[in-house]
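Report on the following structure.
Note that the chains take the letters A, B, C and D in the order they are written out, and that residue 1 is the start of every chain.
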Amino acid sequence: MTSFSAISDRLGDLAIEVPSWAYGNSGTRFKVFGSPGTPRTVQEKIADAAAVHRFTGLAPSVALHIPWDLVDDYAALATYAKEHGVALGTINSNTFQDDDYKLGALTHTDPRIRQKAIDHHLECLEVMNQTGSRDLKIWLAEGTNYPGQGDMRARQDRLAEGLRTIYDQLSDDQRLVLEYKFFEPAFYHTDVPDWGTSYVHVAALGDRAKVCLDTGHHAPGTNIEFIVAQLLRLGKLGSFDFNSRFYADDDLIVGAADPYQLFRIMVEVIRGGGFGNAADGSPNEVALMLDQCHNIEAKIPGQIRSVLNVQEMTARALLLDTAALDAARSEGDVLLANEIFMDAFYTDVRRDLAGWREERGLPDDPMRAYLDSGYQQQIEADRVGGSQAGWN
Amino acid sequence: MTSFSAISDRLGDLAIEVPSWAYGNSGTRFKVFGSPGTPRTVQEKIADAAAVHRFTGLAPSVALHIPWDLVDDYAALATYAKEHGVALGTINSNTFQDDDYKLGALTHTDPRIRQKAIDHHLECLEVMNQTGSRDLKIWLAEGTNYPGQGDMRARQDRLAEGLRTIYDQLSDDQRLVLEYKFFEPAFYHTDVPDWGTSYVHVAALGDRAKVCLDTGHHAPGTNIEFIVAQLLRLGKLGSFDFNSRFYADDDLIVGAADPYQLFRIMVEVIRGGGFGNAADGSPNEVALMLDQCHNIEAKIPGQIRSVLNVQEMTARALLLDTAALDAARSEGDVLLANEIFMDAFYTDVRRDLAGWREERGLPDDPMRAYLDSGYQQQIEADRVGGSQAGWN
Amino acid sequence: MTSFSAISDRLGDLAIEVPSWAYGNSGTRFKVFGSPGTPRTVQEKIADAAAVHRFTGLAPSVALHIPWDLVDDYAALATYAKEHGVALGTINSNTFQDDDYKLGALTHTDPRIRQKAIDHHLECLEVMNQTGSRDLKIWLAEGTNYPGQGDMRARQDRLAEGLRTIYDQLSDDQRLVLEYKFFEPAFYHTDVPDWGTSYVHVAALGDRAKVCLDTGHHAPGTNIEFIVAQLLRLGKLGSFDFNSRFYADDDLIVGAADPYQLFRIMVEVIRGGGFGNAADGSPNEVALMLDQCHNIEAKIPGQIRSVLNVQEMTARALLLDTAALDAARSEGDVLLANEIFMDAFYTDVRRDLAGWREERGLPDDPMRAYLDSGYQQQIEADRVGGSQAGWN
Amino acid sequence: MTSFSAISDRLGDLAIEVPSWAYGNSGTRFKVFGSPGTPRTVQEKIADAAAVHRFTGLAPSVALHIPWDLVDDYAALATYAKEHGVALGTINSNTFQDDDYKLGALTHTDPRIRQKAIDHHLECLEVMNQTGSRDLKIWLAEGTNYPGQGDMRARQDRLAEGLRTIYDQLSDDQRLVLEYKFFEPAFYHTDVPDWGTSYVHVAALGDRAKVCLDTGHHAPGTNIEFIVAQLLRLGKLGSFDFNSRFYADDDLIVGAADPYQLFRIMVEVIRGGGFGNAADGSPNEVALMLDQCHNIEAKIPGQIRSVLNVQEMTARALLLDTAALDAARSEGDVLLANEIFMDAFYTDVRRDLAGWREERGLPDDPMRAYLDSGYQQQIEADRVGGSQAGWN
């Protein structure tokens, strides 16, 4: 097997974008539990995200959600972020919380509402121009709840038209990333339910349109790493929304439900050239983002655990002895190939990673260092009054 | 096949309980859409439920949810309901919206919180004593999100202890009905995930403890009618929460996703003696309740459609030629048995049901009658100001 | 709602292709049960298929499977079929029963085996040239059982190359139809697991390459009618393999598990222009085929039930009042749109269909007519000795 | 965390029963691939099983399947096994491969066939008396494929009656273990689909009736470790059939699909007192068996990999620091509890296990030792002619 020292440098290519909304409150339809120290403003969210990066060295950028993170001056916000040691990243649009969007946004039968949804995306592009963000990530909550409610075919056509209008306003260094989701909040059909649909749309749009793969947005049993391999093959994997799930879109900490699956995904990302392929400091071609809800656990530690999980599985994936694996595959030795594969997964990299961090001036145990730092106590003391941020 | 006239009387045994919360706002974790005319008080919810019964003759009782429907005087509320033509039914407890219950209620590691959850149920029993309700329905939202988070085994023991304490306070004509749910809001394990677990607990409690089967609370592919048959065989089916789903606990209108499944369920209810077996006016042994969310559709019409769907499938199930079916089964004629079964399902009973309604002084088309009645316009005009009811 | 008489003519466009292998024995991995009268030869299979057509008027062509239906003289076989009143249809290839294909065929690491698989398909094209068949249907059983066993990405590339070689040998009036399947017989990954993958490949090949949608080949919860709508929108739906399932690829009688789903599928086929759009007697653009296993039920009656189920749901789908539906959708009336939709589904068309058959000289009750015809008794008496046909 | 040396002794309690049929050929309904060296007789199967034990020290007993392993003299067979270093274990019945059982066995409508199925089980008991086996394992393939085909309720009653008759013939030191299965080979309903149904039946039978949990026999998303915890709590977990799956009952090598799940299962087995609790050399209360199909991989190495996977995950589970875990749970520290849990899982025990083996005179790397031993070459040379064993 490859030695840890041989992969040490490549590990430095790992950069995970954290979402601003992970630091606010979230929950299920039954209850959103609040917690002391929760940010009240986008600045406080960024400060928390910066803390995650400070202790792990893994999370150099923060994704924003419009309108949850609306501010008057995005240039100032970018400066604020930079001063805290992080950058502003992907801009996420929202067409699911306005009453007008009850029955659809880009797919609505009413042209006025479609235009409103398009305009919202153009405003997001305007934000991007100010923040210098590369990616506009579009997750569409639209769909129908009852058979017959909508014309699925016509909705596809309206969707294509709306995306085209938005795409045409991208600047040359901007990208449109289209997420798909199996179900929720729509329960009979969603307008972009699977990678195939997202692919069809972004392929029609052009080179700067890509697919976003959220690891929680698939049917039970779906082989996600196959989709990773396929989209990389097609040059259309734009980004990940990492999280984990047992049932539906549970939005649990990435790697918590099935770490072996996360390992397999990272193996295919590396195999397909999706890892560390950015030229000269620009963002990676495939953006690795988190999209999770810390409904019951502490939020900043939850994010620290998440980026560490991704790092651990990335390290194991890099350790894979691909030469030996290819030989076993060529010989049709099923068990040996599987053994080589699992050998990498079973290797405990945690001590090596602690050393790797120390070499880079990072705490060897980021979680303990955070808990001992007093940051949490400070924000709990400071952030009194105001409204805790959440999904609205 | 059996003729409609032969089943006409038995159809009169159909009584569906509607939940007070169906008339308030509901939604997903992403958004709760409001709508004009939504009740602000439990009295307004009961008035709406009474409207459903007035137009359909199918919904003579209303389930309450504590604390959503807390009032000072339940006897007065029962009188109010009676004056509107309906009765108060099942009392539903709630141990999922208090901050104390973040990590559990009856299963919590902290005895203080367990006692609080028990006390809440005893208060529900007190309400039942005043309303004359028979059933205390317990749905427990508890579980864990991460492997290792809780001791699943110890939680079962604490659950058993808590249920025992509650059960021992039931009066002789009261029942405890324990619901199970595959997942949500907990995403790694739930403490009562399946009918087996619910059965084990209610079997330990005694004769007046039963299982509640919510049709949306199962793993993909689960044969629900088998569970119906099994629980009736065991004498432990207490009630249904009817709704329909394509993916998870979608809480759509019952019969909207798979009417054939609803038909099969009603066939087993009838087969197992669970239909119309109440002596002298008392509630049915197996209570048929709705538990749905009308996130995007009109609420009162949504409830009307729901009870009509149950009626239509009940009628078809009653039409099943069981003698011919048994003969085909005995002969091992797979195709003939299936044909006889589907023959009942395929029979369009809507015109016969319209006639059945007219005979009983009900509108032949309840939906049109409701829409033409002006009720909706009236409540939209009247219910201005105040807070629309919802899930809290 | 549309009247039956208004759709009577369009119903005449319905033509369902039956597979030769449905008349032979099939089973599960645990047991294949035989039955008296089972064909021993392809001629006997064709005779049985012709019986289905004779009694229903719905099944004018028979799909063949190579090598199960290998004969020396396909022209003679075509003549035989014609004399029995049916035509030879789609040719199905088989790269899953030769020992060489244990670890793959078109995707195998060994170029010799890939060439063998390609050659098999070229032989199938040769058969098609003789039978006059339009479609080469390719279902690939390949995939892997263990993570790491194969290089999923490289397998895609080899697959693309193999398909290209085959496609280039098609004549101008032939088509390649690529089926996808979620799992089985491979259990970790399949090389064409979803419509997206099939679409990507056929889009790369050219206009005469299409997707085959087998209704049993999806993940739990998949909205199949959405895929139908999408593929028709993209001009890439080539054919259906109809069957039904509760769990996996159960291969039950189409419409038996969820008739409402079959109705919804037919609605989208009609909506998308996929029904009855053949010019001048040529086969329909979208071929409707059965692909089922009658493991425990009688085979010919099982096929009769199947084509009748498709006919009944097609009739209901044609009855849909699309004008009223569009109006309700435009007004955002969720419940009305759903009601109009279900109204068509709930309409019992069986009596009208009986009349429709009589007008066309067909038995009003094809199942009873078949059972009374003596055909079954005759083949049971005649087909003694020899080997009953099955999946090998 | 607990040190490896502290668990070293307890690891010695691990004993895994291997099934005789794992050494014969198996496959899917599409194809059974043969391989050189496959046993032709039950003796050869036992010899192969003994090889697995010789190299691993983990597999001291072999389960038999009647009638696949029918012999005239079971006492002689037991002696043969003993001479090879293994014992005969569980006896598995088979009521799914006789034509009479097409529509059911213990649940059949025909009393003659029910009696035949009962008699088969009594013959199995007779075998057990001769082999000294403790457990009669019953997996029933019965169920129906089409709604209406059978009377599910009546089938339960017939099942209960049949099981009672069999159970009453057990000797005092014999047990009846009833397996459940979600689906396959029946596709609409199975008569013992879930743990609840199996539990209900064995609870009715008596103390010596237990549930068998096959890890591949659940609905998608089912939390298996919860069922383990529940059945142990109820004193009703009799045995495991270990294997792994991605989709259905894939019967892959245990631990290959989701090793973390296997770890979680072993944690609950240990937590619930199901591990190593046998007094004085008698078999463990909870029998750990394999039930897998090596469709494409080498069979003996496949079994070696399987028992090693169980050993590795058992070691990790034993390493769990339960005291620290309980403390974290009591404090409601979700992330810490999860971290302690995953810490045990992430610990690479392979080097320690190699040392553990060497201490006990076993090869440190059983797989390499087997491959280098010449055993495989020997059986391939010897086992020429005859019929390779398979599932019939």
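The criterion applied here is as follows: a residue touches a chain if its C-beta (ideal position, glycine included) is under 8 Å from a C-beta of that chain, and two chains touch if they have at least 3 such contacts.
Here the structure is a predicted model, which is why all the values come from computation and not from measurement.
Colleague: Rotation angle for the CA superposition of subunit A on subunit D, to the nearest 5°?
Modeller: About 180 degrees, rounded to the nearest 5.
Colleague: Which chain pair shares more contacting C-beta pairs: B-C, or A-C?
Modeller: A-C
Colleague: With centres defined as the mean C-alpha position, give me the subunit A-subunit C separation in Å.
Modeller: 40
Colleague: Counting only residues that touch at least 2 other chains, which ones in subunit A make the list?
Modeller: Residues 102-103, 145-147, 182-183, 188, 220-221, 223, 246-247, 256, 260, 296-297, 334-335, 338, 342 of subunit A each touch two or more of the other chains.
Colleague: Any idea which subunit A residues touch subunit C in the complex?
Modeller: Its residues touching subunit C are 102-103, 109, 144-153, 156-157, 182-183, 188-189, 193-197, 199-200, 218-223, 225-226, 229-230, 232-234, 260, 264, 268, 271-272, 325-326, 329-330, 332, 334-335, 337-338, 340-342.
Colleague: Quick check: in the complex, which residue numbers of subunit B touch subunit A?
Modeller: Subunit B reaches subunit A through residues 26-31, 33-34, 96-97, 99, 102-103, 141, 145-147, 182-185, 187-188, 220, 245-248, 250, 252-253, 256-257, 295-297, 391.
Colleague: Along subunit C, where are the residues that touch subunit B in the complex?
Modeller: On the subunit C side, the touching residues are 220-221, 223, 246-247, 256, 258-261, 296-298, 301-302, 305, 312, 334-335, 338-339, 342, 345-348, 350, 367.
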